[in-house]
Amino acid sequence: MTALATFKGGIHPPDKKDIAKGRAIKEAKSPQRVVIPLSQHLGAPCKPIVSIGQEVKKGEVLGEPGGFVSAPVHSSVSGKVIAIAEFPNAMGRMINSIVIENDGKEEWTSLKDNPDYIKLSSDELREKVKAAGIVGMGGAAFPTLVKLSPPKEKPIDTVILNGAECEPYLTADYRLMLEKSAEIVEGLKILMRILGVNKGFIGIENNKPDAIEKMKDAAKNEPNIEVCGLEVKYPQGAEKMLISALTGREVPPRGLPMDVRVVVQNVGTALAVYEAARYGKPLIERAVTVTGEGIKNPANLMVKIGTLISDIVEECGGFKDSAGKVVSGGPMMGFALSSLDVPVTKGTSGILVIPKEGFVHAEEYGPCIRCGRCIDICPMGLMPSMLSILSEKGHYEDAKEYNLFDCFECGSCAFVCPSKRPIVQLVRLAKSLVKP
Amino acid sequence: MEKLFELFIAAALINNFVFTRYLGLCIFFGVTKKMDTSIGMSITFTSVMVISAALNWIIYKFIMIPLGLGFLEIVIFIGVVAGFVQAADTIMKKVSPGLYFKLGIYLALITTNCIILAVPLLNVSEGYSFIESIFFSFGAGVGFSLAMIIMASIREKLELADVPKAFQGLPISFIVTGLIALAFMGFSGLITL
Amino acid sequence: MADLKKEHELIVSVSPHIRDEETTSRIMWTVNLSLLPAFFLGFYFFGLKALFVTALCIISSVLSEYFFQKAVKKKLTVNDGSAFLTGLLLGMNLPPSLWSFNPFTIHVPIIGSVIAVVITKQFFGGLGYNIFNPALIGRAFVLISFPKAMTIWTEPTAAFLALDAKTTATPLGILKEDGLAKLIEVFGDKINLYAELFNGHRAGSIGETSVLALLIGAGFLLYKRYITWHIPISFLGTVAALAWIFGGKSPETGKMLLFAGDPLIHLLSGGLMLGAFFMATDYVTCPSVRKGQIVFGIGCGALTMLIRIKGGYPEGVMFAILLMNCFVPLIDRAMKSDVFGAVKEKKK
Amino acid sequence: MSNAENKISYIGLVKNGIFSENPIFKVALSLCPAVAVTSGVKNGFMMGIAVLFVQIMVNITVSIVRKFIHPKVRIPSYMFIIATWVTVTDLSMAAFARDVYAQMGLYIKLIVAFAIILTRAELFASKQKVTPSFFDGLGVGAGFLFALVIIGFFRELLGKGSLWGYPIINTKPLLIMILPTGGFFAVGILMGLFNWIGIKFFGGGGASGGGH
Amino acid sequence: MKELIKITANLVIIFVAAGLVMASVFAKTAPIVKIKKEQEETQARKKMMPDADNIIEAGKWEPYGKKGKYFEGKKGEEIIGYLISTYGKGYSSYINILVSVGKDMKVKGIGILGHGETPGLGDEIEQDYFKKRFEAKSLEQLEVVKVEGTDKIQAISGATISSRAVTSGVRESVKLLKEKYSGVTK
């Protein structure tokens, strides 16, 4: 194949990765206190198992999973629990969280190296993933254990590592792939072993040739693992698009990857899996890109879960004179923050600071002129124009005829819309008002 | 054969009953708010149209003319239509309750539609033969159905439009009909009748 | 920490946080721009009166939009360029002879513009909601209302002040009335006929005559991806095919001769190029899914040729597009886009 | 109307028929003639008179015979009464108003299918004495007449430049107004105007959805 | 059963009463219609040929398969001209024409009896200025041209098809009359 693997539709936003691309991942300063939400994942929140005043070590379990689709949370610092109360998260919701005063000792619970991890049985490996509280680090924070325990009637034959990082600005996955290539490949091997499959892909967008080189190099002795360059196009990293690009299989509407015998994990997740399997290290830190035209010193940081975003902004030199918007995540799908006093969670991939003059105000929008741009680019093959009009006029039920619930809110449609219509917002409104 | 085809096309498109003869408007505006009702009405209407036109032709030719009762055409034609509709209603209810449930509701409306009466009257005044009457009435039915289906699809789209308040509902529907009629003028002159 | 926030009032809005630079008004003004070559050729061939007619249409369109929106207290959107575009297209679709001193018919462009903008567009809610192409409704309305004024064509004199140019027939008019042989005779020979049709030295509406200039504008729009090939190509393709199949006439009997037509003449004359590239492609009044657009284009082409060959009127593009406009909501209903994953599933 | 048993204001009935329950602009029944015969004031007027006549006669007849008619055959009987009066009108116009009849004979016959007439017979005349039924018929018929004349006025003036056949202006300002498009436009715009006046000055609602 | 009888009686009474009303109105109006129709027709003919004091039907023919008639116009015993009704295939309808032809087989005048052409375009054929164009035309001159100042028939601009229809209708009539009567005259 000469053409790069890709999918139908998609957009080409300016990628802006140069801002943070060259900055190697460095350990962020350990904050004075961390706020660790008991719900950082999709699914049931955790039950706290510590009490106020209790001393905890780094890596100690703070909350036990509250159900099958759930994952434990651990302390990312050593110190004393000073509060268990509701704190706002990045989306502005109040979440029960545990606040720990950092004593600065960085004292770990037990952490043993087990170089023979690859020989462990898949159940033992699963247990490690579970204990480490690993959730998807690509954004949705879905508990990884669930993905790794497919029901019997859904056999899996392929694992895909998602290194697309198609969101503009973000470079954390890119840096991880450059700096931890071997570990990521190991992580993939563990995932393949857990699922008992012998086909692994690593998909990387073609605007990161050095990462592709690096990963190819790291995987050169692994005949079962294929590193593929992908066309640069948003949302190449969405799992359905990625699966289609790499395997040609299309996940049916409202279906899951496992319906086409695939499991998709982010490269960061693979790294966490490796660290959990080898050292038993729980997921207490993650790579975060701090970037945007509005931040003084862009960086890629390894941040402890629970660190407040205000601390990180400060560490990166603060805002240039006119920060207008701070986004948790990427510019296409991230959430604009109303307050900087919210913690980094397992799903926080980036902090993007956009200066006031740097973005289009979307408050004023026009009527849909039916130009069809959104229809052309919707990766899910939907008709966003109709979804937005129906929702705007209150015909929420009718929106279902236009496959409302197949929209994964990638934002491509709103990006291209010449009328600047808030399509994603309208879609979310409709979704919240009707039953699937 | 060509004459029959021309009659059909003329009745359906060129002299479309709604857009150029202004007939059947009450039902046209009444049922086209929703696509489902328009389709139901289309099927029912076209069938009743053809059958009652045939009945009326036979009655006119073999009963009214010989007896010199031509002047009773209005009473007789409307009576035949009403009687046929009533019979269809009863039979359908017995034979196919499913179909009755779908289309039965439209039957009652048909008696007060002027096309159903205009077609037999035109058949008489133009002196069409039996076969010609059938083609003419079938064309009329198809043309009316086409008009209703186009209109329903447009009105469903208009639900989503910002029409000024005073024009919502019937006024804008009249204007749409006027615009369609303007477009249908493009068919004028295709056939000389 | 806290003072950081105070210093900077944070703006909260939903994703996506970056937007493409394309805007509605940029699209509309670009389409206006791409019509300029054709308009200038019309100006060149028909002189000052072409300019007057077009300017009158533009001014009345923009003013109609302005006053209507004022009257119903809506947001003013006149500078988005769509009313300007409607006016420009309407002007380019009118015969230049509307501005001559005898008969004095300047109310025609004004009435056309008011009908286009107020009734066809604003009554339906303004930009984006209309069912019919405003410029074409405007033209159809005045054609029916003022049939004489609208069917007087003048010779392309290429003289600036040609206010009283000689009246003549359009190529399609000659083709319909007197046949191909006469048309070739009028233009000298066949090659010359094609050449004149291509560069626009012929009678016709102000902006429809020069195929060359229209193609330049259309090429620009295609390059900018403001329009796609689907409608124009299916439209033109259908016209060419049907012209070839049904457009021929036996010189002796005058009866139709199958597979003997001249597709080029039908492609190059009338308002076909203007219609196919600039009017059938109006976003608001064409289907939005590509498959639907192809159906729409084929429908336009078939109706155009039906009217040109069988109908009583030499040109059919305007009525063809308007008739297909009626069917757009139906096409849209029938042809939704294919949801990712759904098609493959069915095929299995 | 709901307090039908009480004393009924006859003038109120007539006003009702012309304005708040205008058969065309408000109730939206029997729309065809509103477009079909209104290309001129004269035709509109004649049609209006024909409907007025039929409506009054039907109302009176129904009111007289209402006690004798068996409830099971009520509707067919009413239809028959209507058809009879339409035939009478039709035959009379054929004899005495030949030039008008030549242009709109078909539509006169179609009065029999106008739902408004049956509706009034069924809703009003079948429950009321003769005098109120007469005034109800007068009101509805006058409302009809009023609508047709207004529409005809605009269409003829704009489309032909004349009124009642007499030239007013010596051009045809907007020929299209006497064609189908113009007819639909005229009714649509007048209806919108009526609604607008209703909303603006009386705070009322718009026309109903249309029946038949 | 009793009810059934009641209903039947009910309907029968209504039918009979209504039938009587209609029949009596018909009986009154039918003769009037007949007389008026004849009057109108003779008047129309008379208008076309005011000199004649007697116009009698001389035969039937079938232009485009429709019914046409022709008449001899007499003053005293002498034939002073002919009237013929005919059709022409127009834009959207068959145009019904009445032609008055002199003994010299030249058109004396035409009248349009009925048509369904487009108002404003085709219906200009009813206008006097157009009808006048046929006066004193011989068979050879009955041909449509689109230029001014012709001795043939100048088309109405924008309605060439309707103009042609009328012209060809008139031409066919004159042809027919020539066939029938050229022996008699000359």
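Per-chain residue numbering starts at 1, and chain names A, B, C, D and E are given in the order in which the chains are listed.
Just so we're on the same page, contacts are C-beta pairs under 8 Å (C-beta built on N, C-alpha and C of every residue); 3 or more make two chains touch, one makes a residue touch a chain.
For clarity, every value in this text was computed on a predicted model and none was experimentally measured.
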Contacts common to chain C and chain D (chain labels): B, E
Chain closest to the assembly centre - both centres taken as Cα means: C
Chain pair with more C-beta contacts, A-B versus C-E: C-E
Computed distance of Cα centres, chain D from chain A, in Å: 69
Geometric centre distance via CA averages, chain C-chain A, whole Å: 48
Length of the line joining the C-alpha centres of chain B and chain D, rounded to whole Å: 21
Intercentroid distance (Cα basis), chain C paired with chain B, Å: 34
Multi-chain contact sites of chain E, meaning residues that touch two or more partners: 18, 22, 26, 30, 91-92, 118, 120, 161
Per-residue overlap in chain B, given as positions that touch at least 2 other chains: 71-72, 75, 160, 162, 164, 167, 172, 175, 179, 182, 185, 188-189
Residue numbers of chain A (touch at least two other chains): 367
All chain pairs that touch each other: A-B, A-C, B-C, B-D, B-E, C-D, C-E, D-E
Of all residues in chain C, those that touch chain A in their complex: 1-2, 4-5, 7-8, 10-20, 22-24, 26-27, 77, 80, 125-129, 283-284, 286, 288-290, 336-342, 344-345
Chain C contact footprint on chain E (complex, rising order): 91-92, 118, 120-121, 157-158, 160-161
Chain B - residues contacting chain A, complex: 159-160, 162
Sites on chain B touched by chain C in the complex: 35, 149-150, 153-154, 156-158, 160-164, 167, 172, 175-176, 179-180, 182-190
Chain A - residues contacting chain B, complex: 367, 389-390, 393, 395
